[in-house]
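The block underneath contains the structure these notes are about, expressed in structure tokens.
Note that the chains are named A, B, C and D in the order they appear, and that numbering of residues resets to 1 at the start of each chain.
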Amino acid sequence: MGMIGGGIDSFIGDVHRKAAGIDGMIELVCGAFSSSEEKSKRSGKALFLPENRCYGTFEEMILKEKELPEGERMDFIAIVTPNHMHFAPAKLGLENGFHVVCDKPMTLTIEEGIELESLVKKTGLLFALTHNYPGSPMVKQARAMIANNELGKIRKVQVQYLQGWLATSIEKTGQKQASWRVDPTKSGVGGALGDIGTHAENLVEYITGIQIQEIAADLGRFGEGRVLDDDGNILLRLENGAKGTMSFSQIATGEENNLAIKVYGERGSLAWCQENPNQLITKWLDKPIITYTPNGNNLYKEALEASRIPAGHPEGYLEAFATIYKNFAIHLNAKLTNQDIEVPDYPKVSDGIRGVKFIHAAVESDKNNAAWVKLNSTI
Amino acid sequence: MGMIGGGIDSFIGDVHRKAAGIDGMIELVCGAFSSSEEKSKRSGKALFLPENRCYGTFEEMILKEKELPEGERMDFIAIVTPNHMHFAPAKLGLENGFHVVCDKPMTLTIEEGIELESLVKKTGLLFALTHNYPGSPMVKQARAMIANNELGKIRKVQVQYLQGWLATSIEKTGQKQASWRVDPTKSGVGGALGDIGTHAENLVEYITGIQIQEIAADLGRFGEGRVLDDDGNILLRLENGAKGTMSFSQIATGEENNLAIKVYGERGSLAWCQENPNQLITKWLDKPIITYTPNGNNLYKEALEASRIPAGHPEGYLEAFATIYKNFAIHLNAKLTNQDIEVPDYPKVSDGIRGVKFIHAAVESDKNNAAWVKLNSTI
Amino acid sequence: MGMIGGGIDSFIGDVHRKAAGIDGMIELVCGAFSSSEEKSKRSGKALFLPENRCYGTFEEMILKEKELPEGERMDFIAIVTPNHMHFAPAKLGLENGFHVVCDKPMTLTIEEGIELESLVKKTGLLFALTHNYPGSPMVKQARAMIANNELGKIRKVQVQYLQGWLATSIEKTGQKQASWRVDPTKSGVGGALGDIGTHAENLVEYITGIQIQEIAADLGRFGEGRVLDDDGNILLRLENGAKGTMSFSQIATGEENNLAIKVYGERGSLAWCQENPNQLITKWLDKPIITYTPNGNNLYKEALEASRIPAGHPEGYLEAFATIYKNFAIHLNAKLTNQDIEVPDYPKVSDGIRGVKFIHAAVESDKNNAAWVKLNSTI
Amino acid sequence: MGMIGGGIDSFIGDVHRKAAGIDGMIELVCGAFSSSEEKSKRSGKALFLPENRCYGTFEEMILKEKELPEGERMDFIAIVTPNHMHFAPAKLGLENGFHVVCDKPMTLTIEEGIELESLVKKTGLLFALTHNYPGSPMVKQARAMIANNELGKIRKVQVQYLQGWLATSIEKTGQKQASWRVDPTKSGVGGALGDIGTHAENLVEYITGIQIQEIAADLGRFGEGRVLDDDGNILLRLENGAKGTMSFSQIATGEENNLAIKVYGERGSLAWCQENPNQLITKWLDKPIITYTPNGNNLYKEALEASRIPAGHPEGYLEAFATIYKNFAIHLNAKLTNQDIEVPDYPKVSDGIRGVKFIHAAVESDKNNAAWVKLNSTI
């Protein structure tokens, strides 16, 4: 793995490294950790990398690594930069034969997304998008239950992703995470929308297996002087006729990372919450409440495979994140060794395009006073 | 108290009687429990009422009770009939000098609501609307915290009221509760909207002290052949600029009576859930999570007064309902005895009109594909 | 119902009146509410009783009511006095033909308990002990599940009853509830032991259907100058070989009324907590977690009968208490009308004796440095 | 790090490797993973170790690694074998200049524990015992709150550690984890007592900062034919006069890994549960309930330092475990580089002796029908 972005003072870079490392399948071998070469080398040194594998730019890294012998050079790049710096390194990586792991939202524009998708198809290279929540065992159980029609036809969805860390104008204090997220040149047209709304969108489609057809979005800009949304309320209509709501916010004072989803079908329903990820609560027409736990009784194979330790030993955010990397690594390893195996799922370039379409549809809807916009009409 | 509707096989009639009785301030003295005189008398007998105080129609009850000497005749009527039977007895009661307790939604039309409001003003009689959830101690604490500006300016609201009992077409099995609720001649233009959506609307306005300005509503009719909504998703905009979502449903399979609200202000937020009513969870910019409990530490007077028993002894649905009756009775008693006291709050005719406006705004919005409709524009 | 004790400033008197009243089967007709006749009459007046039915002593009440014509006189007495005042009125009541409802612990001594039991047997009168927690629907479900062998042989029990209201020496401030509870002349040999430990003991035996065989008790007296225990930790051995712990306290700072029990059998286990009474959580060898709710799916008849309102509408402490009165009233009514019906359960004189034996065994064990004492060896 | 035990089919070996790896401070360089040399090499290969660093015995590993040049040879050994195989490698490692990380319970006998302690003192080498739960941020917050006297004098403790995985006789099916744990030649005199009871004992002493003075233990052997305890109920008396209970079990059907503790002081109390580790609930004489979360508001430095990711992103079992390794590594690194820093805490050889004393005291008490035994009297 060669990392782009994620210097030593970065939150998400450290998360990616820990997540990639947990299962012992991936090794960090090089990085372009910062746009400053000196800072990149300093980060690399702290990570025990040799100096000559610490690059000053992603272009340098991709082109120099390409020259290294197979087995020594990095197998894939992991892009952990702010949003506006996803597309260029992803494109260059793919064009030079490297598999890609990319943070979300995938690109600033739908066109960029489609270009990446074409490149992935053309090159046959792997592309993973780090929506981490589908890596949680109970999310996998939820998806499997619906895929196996336990809930009956899905009618209703409620999803929320609530944070409070932008409740005050901390971007004005120089807080690094906040600064780029409220800046449209770095975040794109969506603020909280792109940062967390896309996780909510992805979770709906991943768990239900049904695409969101159209949305009516009312975005808020509560922080003084903010150009981008820091809050949003959205009506959802799904392809199969289900309806629902999405609410996301970074000004929901006191909330930490409250991503939660409820899905209602004709026979049963389920509820999952990221802050308490080790239970999946299901309610039924004709049965009492049934709660599943990781590595507990009566789970689908997909859920069992996503747990590392025995029931009752909680896994958390990093482990779910790690499962994305692990499944990508399993796929990559099978590909590199020409094995024909059943590959466990992880988010791909197509999921990235869904997210970008969602962002653009929401922004368009909001501009039109929450008029309905179809996700597939946005280009 | 003289009851209209609520015969012995009625769910809500029994609830009203238990709620009115808990605090020992109200006595049932007569009733027109059913449109069948025989059934009304049978109900009255089971309730230990003398036969001559069990009437065949509400008109008979109101007019005959009026003839009884003061002290013997009922002081007020309690209307617990289906929606279409609220207006006529309320009007006749007021016109004949009786105070009124009325179930929600108050009337089928806004015009009827306004007519009742005029009558209340003209006669000076009391009118209570039995939105029961404002009777809960932790709802009162929530309201007091916001009224005292603990949370700062309110920015975001999420409210849901989820039930699953209409997930299947039980109205076709002759289930009495279901039959009238899906019938527009009895329920009015709103189905779940009137039955539970109005509770959610009322809770938002009661807790925040801010009116809902406009809504964009997407209603669902999932049960086969249903004319009225059995599900709804609504975007909210409040008078002060806050935004939010409302989701209500009677097809949310497995849900029992899941009314829950979250309110976010600039400095803090709060969350309350009816199914676990004895805690109020608050989250803050700069403090850890603080959870209040009935009769626990650091409560506002309004919350303390709404508890009957020591901390840790859970009160429930009936007790909250009883507090509406109790506060109405305190008001009535003060009025009858010419005492000038500080009257604790209970929902009134103005709250009833808000509910009816909400129903009509939502139906209009839904007809126009979830276009925004102002609540005060609906007449 | 004629009440002994429970004047208007009493906590438990009000609870008994509300609980007795909820289901509309019991009417308060007279009372000896206080040892002061004046105060008794004042209490009675506030309760809308005629002055001549407000008595100055329980002896007067029992003897005068006995003279009244059947139908007019009270059917039973409800004893809601401090512990030392249970035996005498219960005995006199039984001797004069009145059924009895009595608060717990039943008597100060085992001998008194046995005397009451003999009187009950001899007279054929009914005797209810107001252990209220067995009135909770989910407690009834727990009992029924074990009675129907769903859990397999019971192996382990954990029960706790934790309060914090005596964490400081509030008895020195004149707080009325505290004063008599720390006074051995009024409470008997047990402090917290009698007040709440007996509830825990009763709950174990009620839910499991198995008697506690022997105990090893380590009692604490943490409040300065307290003679009676305000805390206790007890090892339990049950008749069937199961083992367990009991912990009770009134100095568990911050706890409100945290009575909770867990029972483990060979195939499954269950957990119930009084502060969140509307769920029963069960865990299994080979099934996921299953949570039952009042009036929810798949309940035993005993649990369904103990609910008043639909699923999701929480019932609380008063309703559970009311179920004891309701079941007693059903029994009494059947007896008075010579009906042969299946009587729902409520705690009886035999449960009272168990509680008193438990208190005395714990005190004896504690005196011997937590040596094992058999409950049936205590007399 | 050189690992002793923990071959590729071992549960706890994998946990140790993941935990040691998360923070990027520790590298596995060699191992004696199995008593079979072939299996040891196979494990090492799967872990990407060179064959010549995979040893057939721990003696070989310690002696050969000692010969390697500094910088290349392992810095410390991690002992992850069954209980009876802790002492010998720990002793040999210390005697040959290697620091030691050792699983719990530390040794089979108190004498062995004391011998290790002497060796640690004599050599000045570091010794970490992997009680992992003190690594949890909220456990650190709990300890800091008590150390800073927020709760006042501690009066009462309740601790439980409940599992159900030995509810049936799975040792007879050849299940590897179960087989050695029920075998006294491998586990020592304690079964569940040593395996999980010691975690409970350690947690009490770590959080309160107070030693357990004496215990009265009633152990159970519910599984057919079991020689060692699979269940235990214990009365606790602490050095400062506090009292309490401990309950542990591996036959608590349906429980997964339910370690939970409650501590009551004169002014406040706290509760923590391993299965939901990311909250610490505190209750108070005169304040509402206050809940702390990792990286949330108002935490002590010790709690903040033990979190890796932002508030609301749950960390779990592996991360707590990793904190033990991290703090040990910080200490080791400071020692190796002669830095004088404030070393964060981790369990040490003295904690190991406490655990072994606890096991022996409990066994002795149980043999004497739960008579009190002082922990410091056991040798």
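We take it that a contact is a pair of C-beta atoms (placed from the backbone, for glycine too) under 8 Å apart; a residue touches a chain by one contact, two chains touch by 3 or more.
Just so it is clear, the model here is predicted, and its values are computed rather than measured.
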item: Graph distance between subunit B and subunit D, where chains that touch are linked; value: 1
item: Which of A-C and A-D has more C-beta contact pairs; value: A-D
item: Subunit C-subunit D separation of Cα centroids, rounded to whole Å; value: 43
item: Inter-chain centre distance, subunit A versus subunit D - centres from mean C-alpha coordinates, in Å; value: 35
item: Separation of mean Cα positions, subunit C and subunit A [Å, integer]; value: 55
item: Residue numbers of subunit C (touch at least two other chains); value: 255, 284-285, 289, 293, 296
item: Interfacial residue positions of subunit A with respect to subunit B in the complex; value: 151-152, 155-156, 158, 160, 164, 167-168, 216, 218, 220, 222, 231, 233, 235-237, 243-245, 247, 249, 251-255, 262, 264-269, 282-285, 289, 369-370, 372
item: Of all residues in subunit B, those that touch subunit C in their complex; value: 11, 14-15, 17-18, 21-24, 47-48, 163, 165, 255-258, 274-278, 293, 296, 308-319
item: Subunit D contact footprint on subunit B (complex, rising order); value: 279, 284-293, 296-298
